[in-house]
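As written, the chains take the letters A, B, C, D, E and F, and residue 1 is the first residue of each chain.
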Amino acid sequence: MIEPVQTGAPLDMNAPDTVWMLVATALVLLMTPALGFFYGGLVRAKNALNTMMMSFAALAVAGIVWALLGYSLAFAEGTGFIGGTTHALLRGVGLETRGTIPHLLFMAYQGTFAIITAALISGAIVERKRFGAYLIFVALWTLAVYAPVAHWVWGGGWLARLGVLDYAGGTVVHVNAGVAALTAAILIRPRKDYARQALLPHNVPYVLLGAALLWFGWFGFNGGSALGVNRGAVLAFVNTMLAPAATLLVWMLIDLARTRRTTAVGAATGIVVGLVAITPAAGFVPPMSAMAIGALAAFPSYFGILWRSRTALDDSLDVVAAHGLGGATGALLTGVFATAAAGGTDGLLAGNPRQVLIQALGIAAAMVYSGVATALLLKLIGLAIPLRSHGRDEAIGMDITQHGEEAYTHGEGAVLLAQSTVTPHQETRP
Amino acid sequence: MIEPVQTGAPLDMNAPDTVWMLVATALVLLMTPALGFFYGGLVRAKNALNTMMMSFAALAVAGIVWALLGYSLAFAEGTGFIGGTTHALLRGVGLETRGTIPHLLFMAYQGTFAIITAALISGAIVERKRFGAYLIFVALWTLAVYAPVAHWVWGGGWLARLGVLDYAGGTVVHVNAGVAALTAAILIRPRKDYARQALLPHNVPYVLLGAALLWFGWFGFNGGSALGVNRGAVLAFVNTMLAPAATLLVWMLIDLARTRRTTAVGAATGIVVGLVAITPAAGFVPPMSAMAIGALAAFPSYFGILWRSRTALDDSLDVVAAHGLGGATGALLTGVFATAAAGGTDGLLAGNPRQVLIQALGIAAAMVYSGVATALLLKLIGLAIPLRSHGRDEAIGMDITQHGEEAYTHGEGAVLLAQSTVTPHQETRP
Amino acid sequence: MIEPVQTGAPLDMNAPDTVWMLVATALVLLMTPALGFFYGGLVRAKNALNTMMMSFAALAVAGIVWALLGYSLAFAEGTGFIGGTTHALLRGVGLETRGTIPHLLFMAYQGTFAIITAALISGAIVERKRFGAYLIFVALWTLAVYAPVAHWVWGGGWLARLGVLDYAGGTVVHVNAGVAALTAAILIRPRKDYARQALLPHNVPYVLLGAALLWFGWFGFNGGSALGVNRGAVLAFVNTMLAPAATLLVWMLIDLARTRRTTAVGAATGIVVGLVAITPAAGFVPPMSAMAIGALAAFPSYFGILWRSRTALDDSLDVVAAHGLGGATGALLTGVFATAAAGGTDGLLAGNPRQVLIQALGIAAAMVYSGVATALLLKLIGLAIPLRSHGRDEAIGMDITQHGEEAYTHGEGAVLLAQSTVTPHQETRP
Amino acid sequence: MKLIVAIVRPEQANEVLEALFRAEVRGLTVSRVQGHGGELERVETYRGTTVKMELQDKVRFEIGVSNHFVEPTVRAIMSSARTGEVGDGKIFVLPVERVHRIRTGETDEGAVTPLADSG
Amino acid sequence: MKLIVAIVRPEQANEVLEALFRAEVRGLTVSRVQGHGGELERVETYRGTTVKMELQDKVRFEIGVSNHFVEPTVRAIMSSARTGEVGDGKIFVLPVERVHRIRTGETDEGAVTPLADSG
Amino acid sequence: MKLIVAIVRPEQANEVLEALFRAEVRGLTVSRVQGHGGELERVETYRGTTVKMELQDKVRFEIGVSNHFVEPTVRAIMSSARTGEVGDGKIFVLPVERVHRIRTGETDEGAVTPLADSG
């Protein structure tokens, strides 16, 4: 533990920046299990584990794929479209600094983004997607879709050069995941019971727990995107507190106006939408604008969800409305509210309407690429193995059929198997 | 993400202090959802969401109200009684420093205190208070009660000048919320079933989860009250680890002595009481004294709860005994154990008995003001709209009647409505 | 709150190091409740609270015992075998620095390790151990087993001098707890129903929640073991992200290969095993080696669990296989993969096979001492009071018999007692 | 021998229990069920999904009694479970052919009479 | 008076409910149960423990009806609960001696006939 | 045709299940219930609230059998559910008028006899 070798080692890194990025990385990593609870509470009990496992598995699959190759594709020198393979297998990614923090930490921090982006998509295809196909999808999608889009905006790619503003991933993460979710929901088709039966959340407290931990982790997501403890970090952090508060307030008011009741599932959704919307703008707008963005962003997502659930599109947990629409709204409003003084480029309100167009271009580019590439990937995987379960298995539930487990068991009727070699209790004198 | 504008910006703020305060702010923000779980587990299943929503809604209502006006009333230049409106709408609250950290971050950190203080009160009125009336109450109470009391002690107001010691809010947060809870419990009257039926916790693991996350967050609450990473922060932090450990130990021992069994609800309560009690003293007393304070504080709250539940006072989740009594005990013991060496003023044991009187005065002032002002606010709101539900609704449960949701649903007997425009499954070929 | 005394106080401590260690300490503290959920979800509902309470109580018992004496026995000047009593009752443990951080913080950080190590053992004896006997055991074990072993490796004791590498506690924490668990499981004997009935997890989402929070906290456990923000901290941190990801991936693949299904309980277990295995190596190996260690460590623990459950050894929650085997595997692989360049001593692959032997010696020493001392302690306590419950109580469940509570109650059939002095509702006009 | 099955409101369950104890009914089994009757349906909303909840929480009592105990048992339930509002529930009296007490092997009357000593 | 007890698949429960409403059955009680029949057993694994799950989730309907309502009720359940695969469940028709409506004290036929006004 | 309703201890439920399978009973339905009998009451404490818990967890079996199967079924339950301590539970045998197998429409005996092929 007390290791003179290390403590004595030359500290080229900036120490406070590094502390903050360590904390931010841990916070963002926590967001993926948090998402598992957010999503897991929204499905039926018989699919709770499967839904949570989609997030937990992303930690393994996207995490490893990122370290081995994805990071390099996103952040190594390359073309305007994709990075190179210089950093594959973490070559050249060590404790020397990138910016003011160790390169390795930068890689890890970016990895947590790749993980959660892949996990976000799962909300569109829960309660029916086969788990094996999902794992393969996550691996390929991280490399073929996430890494390039991240490169475009944050790796010095063509959107960065165009001047697209995306502080912490409105476009790279949320629009990208939202469009992939839309594509997957269409290709994988609705659940057998969709629009015939009421498919209700089995545990709303889990949804609230997930939302709370997402908010907590999001301080690292937005605040850490400053890559150090600087003015941008503080601004992004505080905006990440204020914007979702505003969205939550407006969401509750719309709920009240429409049904005379505020819902808890709505509150959890409102928090997430607010977090999504402020993500692209976090370090570019002053706090009062952040509240405005939060408040405005409630509307498209709220009514998007209402509208979607009347269509045949079984985007089961409304990834499109919450992340796709929320991210796009945030990205556009970044072009409206950003100011050079706050740390961005001047936007519409500061007299630069062009920025809104640039933002729209960024969104459109991510949409087209993510939609097409996701569809191709799914078709490809679908050639090799079936993407979704049989109707029969869907009725039984994915936990039993995909994982051989139940989230909540009692033990009645469970008979031990293959335990013939076990000596029962009375003989076990040590 | 990689923003030369920011990273290159002049860093007038102290970087390590700022990192610590970013972390502390995120930690304190997490406490409010944690409180939602602590409280939510203690109520019946039919009121679980409503109880959690009281905490989650405070994040929106108190959070926004604080940014718009409350912060200014508490911390802008003003009189000894209340601050001014200089900082209303966050005017003049930017990235320039206040102390050693950005002013904006200071505002946010203080905001998390305002939020949880309001949420604490909800424990006294669960399972019956109408949600709309609660939202209005939170908004007004934050402005009219929390902000002035915070100003008295931390904003340079009259109690600060008198020399009242309140490191992280024993008086401002806990006594204040405890007395408001008492007032609200009396005015809103007991639940219909109170003292007739056993009203039992529906999910004790949630109570433990809430207590654990509260403890975790409280490191930011007390440790962050040093407003930087300094000797006070470290001392407060370590005391926040030791004092609740001592309270928990003593609480389990009293439990054992009284009923021969240690209870889990008791353990969770003991942790919170210990955290409350060390709050005013955290950065003013040495660690051995912190353990003593923790140990001593178990007694009034333990027996306070026992006594309360034999009265007609339906302070449903014992906010008065845990926070009111716990906070007052801690505030008085601060006057006993504080030492100038540790960072405070010398207290009784260091030869300055006067400090105990000053502490008592602080407590009394907060009690009187909070009691009277809370009563007035509730009467006022009561004139406009009813404060509590009908007995009928209470029997059905607040989740269904106030939110139109249930915490745990199965789906049997749930028939889809207003879905006539939906195309069912078989037609949905993409 | 705004305390000139403190903020002005001389800052001999290194500020960024101190911030990181504050954060790390809070993170490690959170791991013990997280363990409570991990374990609590794995038992039957009738034992959920008892199992969680075993973790929560360790926060009180081990925490207080550590501050009063254990810290001194582990870290004060002493012999090669045990430290002295110089720091008993925290004498001389103040805000002056130890290394670059305040001594008090170092004590607190180490305390969080003592707490969780004791709590880990509980997994072997759940659903039958009497709670009073458990509390006494935790107190004695922390002093008589944990403190000396910690001293050997981290307190400058004989294993440290031999050159044993244990970055964050593979041997001190995990092998130690694993062997103690083995001993306790043998002496306390299997559950009455063990190997006759299927004893299934009652709430797998809690298991996942626990695993997620353990992972989150483990960043402090491993990253904080650098005792400051330095190259070791960053390396340990990133390895703590990559290694468990690799273990999780391999675990899912073994699951798939064996049963054609990935299990959620398995995923949670795999995460923990990966965290355990990287613990001794965290700051000593490069990231690609960390992934290798994570991947390799899946095998012994996976098949260890399979094998154990066919024996008469009722190590109920597989502490031996997950922590004992996982820790030993990690400690040995540290001897294989460590490099001086990364911060350790060169290991086998860097041409120093001797290090593997040194590691094995460290493991063996901890095993022998922990096994013998734990057995003696249990025998001793067993002389005074019974260690386990009657079969009858076991059937009813430990929550009711040991704590007089149930985790999940409805209220039907619960009749209020001893409430004769309560005035019922209609009379309660305030 | 009869088996009395009663469906009542959860809020009244404890009162029914006490009324039964007062009526000297000592053995009974209770379960949580959901019922549909004349009660107003509830509307709930989960995001875009609005549902009509056809079922209300109820508690089901199942009580084996000897013939002369039927009347007092039914009366105890009727009086303690009634609120007068729609949804109070139903009582069914079913014929029983045989009853066994598992512990002792006693049958019929003996099986449902509380054993003074052991109880 | 009869008491109809039907065990059906949870996936079919809502269809059964709707079929009963269409058949003018207005009062019924539902509970979640687990059943064993001819269905294939499931194997589940929890760490080293592999178990055969003998019980499947089912939903139990309990419906008190007057005699001439037995046929339509049984028919409604039969048609809505059937999938044709093993595990569809059973219907039991039990004799009932008396029925009481708790709210009004009505007995027998009156107790199970919906009250037009109050319902 | 009879319907056998048995209330047993949860700890014995799996043994009862196995005993029934050994006795060739193949169809049954199980639910989690709570019961009150002669058992000692438990006292629980939640903060200041001390309560007497009148109900113990039990498991309820519901088994439709043809007449000649009643005896073996009752015997299987009696022997596997008995511990000899208060609280072992009760068995009720109820007359059944009709049984239907939903899948095939078979009635009575046919409905409760396992179908060799499909099972």
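Following the convention adopted for this analysis, a residue touches a chain if its C-beta (ideal position, glycine included) is under 8 Å from a C-beta of that chain, and two chains touch if they have at least 3 such contacts.
The structure displayed is predicted, hence computed values, not measured ones.
The chains touching chain A as well as chain F are B, C, D, E.
Here the spacing of chain A and chain B, counted between their Cα centres, is 30 Å. Averaged C-alpha coordinates put the centre of chain C at 48 Å from the centre of chain D. Distance from the chain E centre to the chain F centre is 18 Å, each centre being the mean of its Cα atoms. Taking each chain's centre as the average of its CA atoms, chain B and chain D sit 43 Å apart.
Residues of chain D in contact with two or more other chains: 14, 17, 30-32, 34, 36, 45-46, 49, 51, 54-55, 94-95.
Shown for chain B are the residues that touch two or more other chains, namely 15-16, 19, 23, 193, 197-201, 203, 209, 259, 261, 263, 265, 309-310, 404-406, 410-416, 418-419.
Chain-to-chain contact here is organised exhaustively, every possible pair of chains being in touch.
For chain F in complex with chain E, the touching residues are 3, 17, 26-31, 62, 64, 94-103, 105, 111-112, 114-115, 118-119. The residues of chain A lying in touch with chain D in their complex are 198-201, 259, 261, 263, 265-266, 269, 305-310, 318.
For chain C in complex with chain A, the residues that touch the partner chain are 14-17, 19-20, 23, 27, 44-45, 99-100, 153-154, 166-168, 186-187, 189-205, 208-209, 211-213, 215-216, 219-220, 223, 225-235, 237-238, 241-242, 245-246, 248-249, 252, 256, 259, 261-265, 267-268, 271, 283, 286-288, 291, 309-312, 314, 340, 343-344. Put simply, chain C touches chain F in their complex at residues 193, 197-198, 395, 400, 404-406, 412-419. Residue ranges of chain B in contact with chain E, taken from their complex: 410-415.
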